[in-house]
């Protein structure tokens, strides 16, 4: 199978579909990004790189960072993390606040914002220099030590992130935040502001394809069992209210962000990252979803 | 790997755990079942049978029947079925009626009751003798032609199924049922009343492990692509509000029923059915969940 | 105060406002009604009639009938009725099914459909010939013995009343209906189909203005205390999700129906009925609301 | 009618009922209040005082302050206030956040916390020294110029008011707060911390009984029409999720606070304030509700 040829074919086909979505309007600093950017980087289990388009350009990873933080929290606290956050899909986005009330402050999973705030709170409690240590974790998993925060994006989100502030205060009212609301929000806005390229993401997420071990096989980020479980969690909860659609059409675990990035994993085979800033109404990259659907259709490499 | 020895080990370990759950009280006719029944049947892709306990005894498959009906509906109507029912997890059971209102009568997936009622309605519209033809479909996929309805269970459910009647009327109010409410409910209560053994279920669901082909390779129930997609749907939506937990702990697509049965699939490897009538509070068999978690832990055969 | 002159003034002013709303589309038989009908009948505590427009023409009273049934149920069962239905406003219509779930099958008040179904169930349990006896009750309170059901409207509602059937089945699933769902719905669709004129309604509701006694002072329908309490209930819950608006702008207890009728009461002063079939989006008669707002503004006769 | 004798009788009867509720635990500083405090002050339209018990002792008026702020906002902005807050009862407290989402950030009425926060925001925008001017307004309406904030209560609420912070951030996310979240919360916690006695409350609310004019007839706080409308609003929305119950049993407009105070109005007749710190599960004073029910039963002075 000539993966490079397949990638090129997918790239061309995806560009040919008319709808490229709309760049997220929710964070002012993100609005300026060029909507025509589009890149893919695929890294196979035998360490072969396949790339096309703007795959080396960094962008705001946004919610993709939630996979780093839950991985890091599990590596620190083990299964204790599940006492404060669940593993069930959340259903409709409309329900986020309802469900938080109904379930008395325990978010349904670590990939909805409420859940990610709780995970951020865990890291703040468990780390000496939480923001710096998170960056080190991401640099280590990806093997790229220049990865950093985009302070302007973090500041922009802080100024407009009233819904996240509402969620954090709700969690605090249920005693499911142990640190100051402001500190948790600051950490959260920073984690979302991390910028990485498709290539760096494919490398950073390689451990999900590699039984928990980093690209160089030197560090076990997660035990094999926990690695499988986080893959399962990405499968069921990784795409907001389109997780079922993604599982149905693509059949791979993954995670998206409103910066237009998507990471997907085929355990034992490859990791792949896409980036195109235009989103559909559910908040997922239109071209990224399309490219990954084509990838699994053409390679028949879904996990099912 | 000596699968028979593993099954025996799992069986013993599962029996040793104290909690065996409670037999469903929702359908009067089901209350009489012996709570100590417990069986497993595993059928590998190379057609080897591994069984233990009460694996040859028939029980009420209940919601497991929803996989048969959506398979059958897709084989008749193709992707048109998705215009009337979605593929997203439903979130909290508490929300079922809310979500049906919020999404204006289009159920989130075919495995929640509202979705199964819509699928039943499709089959009634598309078949001459819907109930008889459904039985023939199940007999054909399983290779056992004595499979039938339990009329007492169907009647019992009819007498107490007011919540299903509420859902059916709601769907009708949104024009998402085309046949009479009574007729749809009658069909639905019958499909749920089908009785099968673990062995028959493992055979019937073999096509999900076998790229869409039945056990004897003679009939293609679903195209390979649709087969994968239904596997993905079982993965994300097969266990009510415990789908995430099942994905997280077991890592296989599957479907449960309140009769205490569970079917799970490892695409390309095996199908496995368990039966133990005691349920947890989410409505899934306690021992069945436990046995399948042990199975994937001990064999490391999760799909992730 | 020349009430007749005031009525005429109000009538003219109301006709001059452009928006007259839209005739309800929910019941096929009601769609044919002439949208330009408009009548008012005001009956003062000293038994003076003031009328204008189509005040003598009968129309479908629909939900106004809910006041008759709860009055009748209280006269039979006393305060026991409140064990099965509450007295709180229901908030948003969107929530009706949610709230029924949240409050485990006890409707918030007798004027939402779920509550009226429970009251209908009480009357069926307590009366030998429920439909006939309800008619007799309405005839007696109004002093008009030709009042009857419109069987075509009742049949039309039965054919399309799936949402009411959903509610009835939900109530049944919570054991808050004691009779057959079909029988309760049949009674309910009949009570809604009663046809009366503005004049007949003003007379029938006179007891709410008259300390519980009928127009001729011969029959006490409700004790003075219960009479006050039902007035309070109409004040807080009589206008679907516009009860607050009506209290705020009109300041009188009352009840509306989707046939376009409204009844309002000034305790100790008068009863008044309006009819104009065009509804606003909340389901209340546009011209009726306007006319009653003008009435209390011009007479300053709000109860507050 | 010897009102003083009636008050004494009511006082004795109320003390004789065993359940006195529980002091609110939600604000730490309020927990220390003596649960046996109980006072009533009734002020008739002809300026006669009737008092009993601890009617001269000041307590935290909490949500009763919401009537002052909406009155003040209307006196500044007129009906423009209703563009940002509604007049409908809110239904279930459980729904508060849901409804705020469903209605896109426009609170249903000014007496739920979300609504009061919006009103606070209006006052901050419209006043030079909002907190000081609010105090002046309350001092003027009550005729007592020593009324002030309890800074310890305000601070205590600030430290624990995460749910209010969540609501304020939600409102901000919908652009329905124009000032800083912190500033709005600070104002809100201060308005709730005002301490007044039953006597001072009865005097301060006298304008609702007196066609909008203060006790000395010198100042018109609200036009007669707006005065009636606010009375109607208190009737339908003044008692959280027990507004219907209060209307049903007492039949007077009013407002309660979790400090244990209740104010009620009989337009054209009297204003009456009660205080007893023990609350029922809906957050209303147990003895206050009981005393007011007895008052209207014994005097038959309900407005209905």
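Letters A, B, C and D mark the chains in the order given here, with residues in each chain numbered from 1 onward.
The criterion applied here is as follows: a residue touches a chain if its C-beta (ideal position, glycine included) is under 8 Å from a C-beta of that chain, and two chains touch if they have at least 3 such contacts.
These numbers come from a predicted model, not from an experiment.
S.K.: Out of A-D, C-D or B-C, which pair touches the same way A-B does, with over half the contact pairs the same?
M.R.: Matching pair: C-D.
S.K.: Where the centre means the average of the CA atoms, what chain is farthest from subunit C?
M.R.: Comparing chain centres, A lies farthest from subunit C.
S.K.: Quick check on subunit B against subunit C: do more than half of the interface residue numbers occur in both copies, making it same, or fewer, making it different?
M.R.: Interface between subunit B and subunit C is built from largely the same residues.
S.K.: Round to the nearest whole Å and give the separation of the Cα centres of subunit B and subunit D.
M.R.: 55
S.K.: Using mean CA coordinates as chain centres, what's the subunit B-subunit C distance in Å?
M.R.: That pair's centroid distance is 47 Å.
S.K.: In angstrom, rounded to a whole number, how far apart do the mean CA points of subunit C and subunit D lie?
M.R.: The separation of the two C-alpha centroids amounts to 32 Å.
S.K.: Two-or-more-chain contact residues of subunit B, please, as numbers and ranges.
M.R.: Where subunit B meets two or more other chains at a single residue, that happens at 94, 98.
S.K.: Taking chains as nodes and touches as edges, what kind of graph is this: line, ring, star, complete or other?
M.R.: Per interface graph, the chains form a ring.
S.K.: Mind listing each pair of touching chains for me?
M.R.: Here the touching pairs of chains are A-B, A-D, B-C, C-D.
S.K.: Show me the residue ranges of subunit B that touch subunit C in the complex, using the header's touch definition.
M.R.: 94, 97-98, 101, 162-163, 165-170, 172-173, 181
S.K.: Sort out for me which residues of subunit C touch subunit D in the complex.
M.R.: Where subunit C meets subunit D, its residues are 86-92, 94-95, 98-99, 102-103, 108-109, 224-225, 227-229, 231-233, 235-237, 241-245, 247-249, 251, 253, 267, 297, 300, 302-304.
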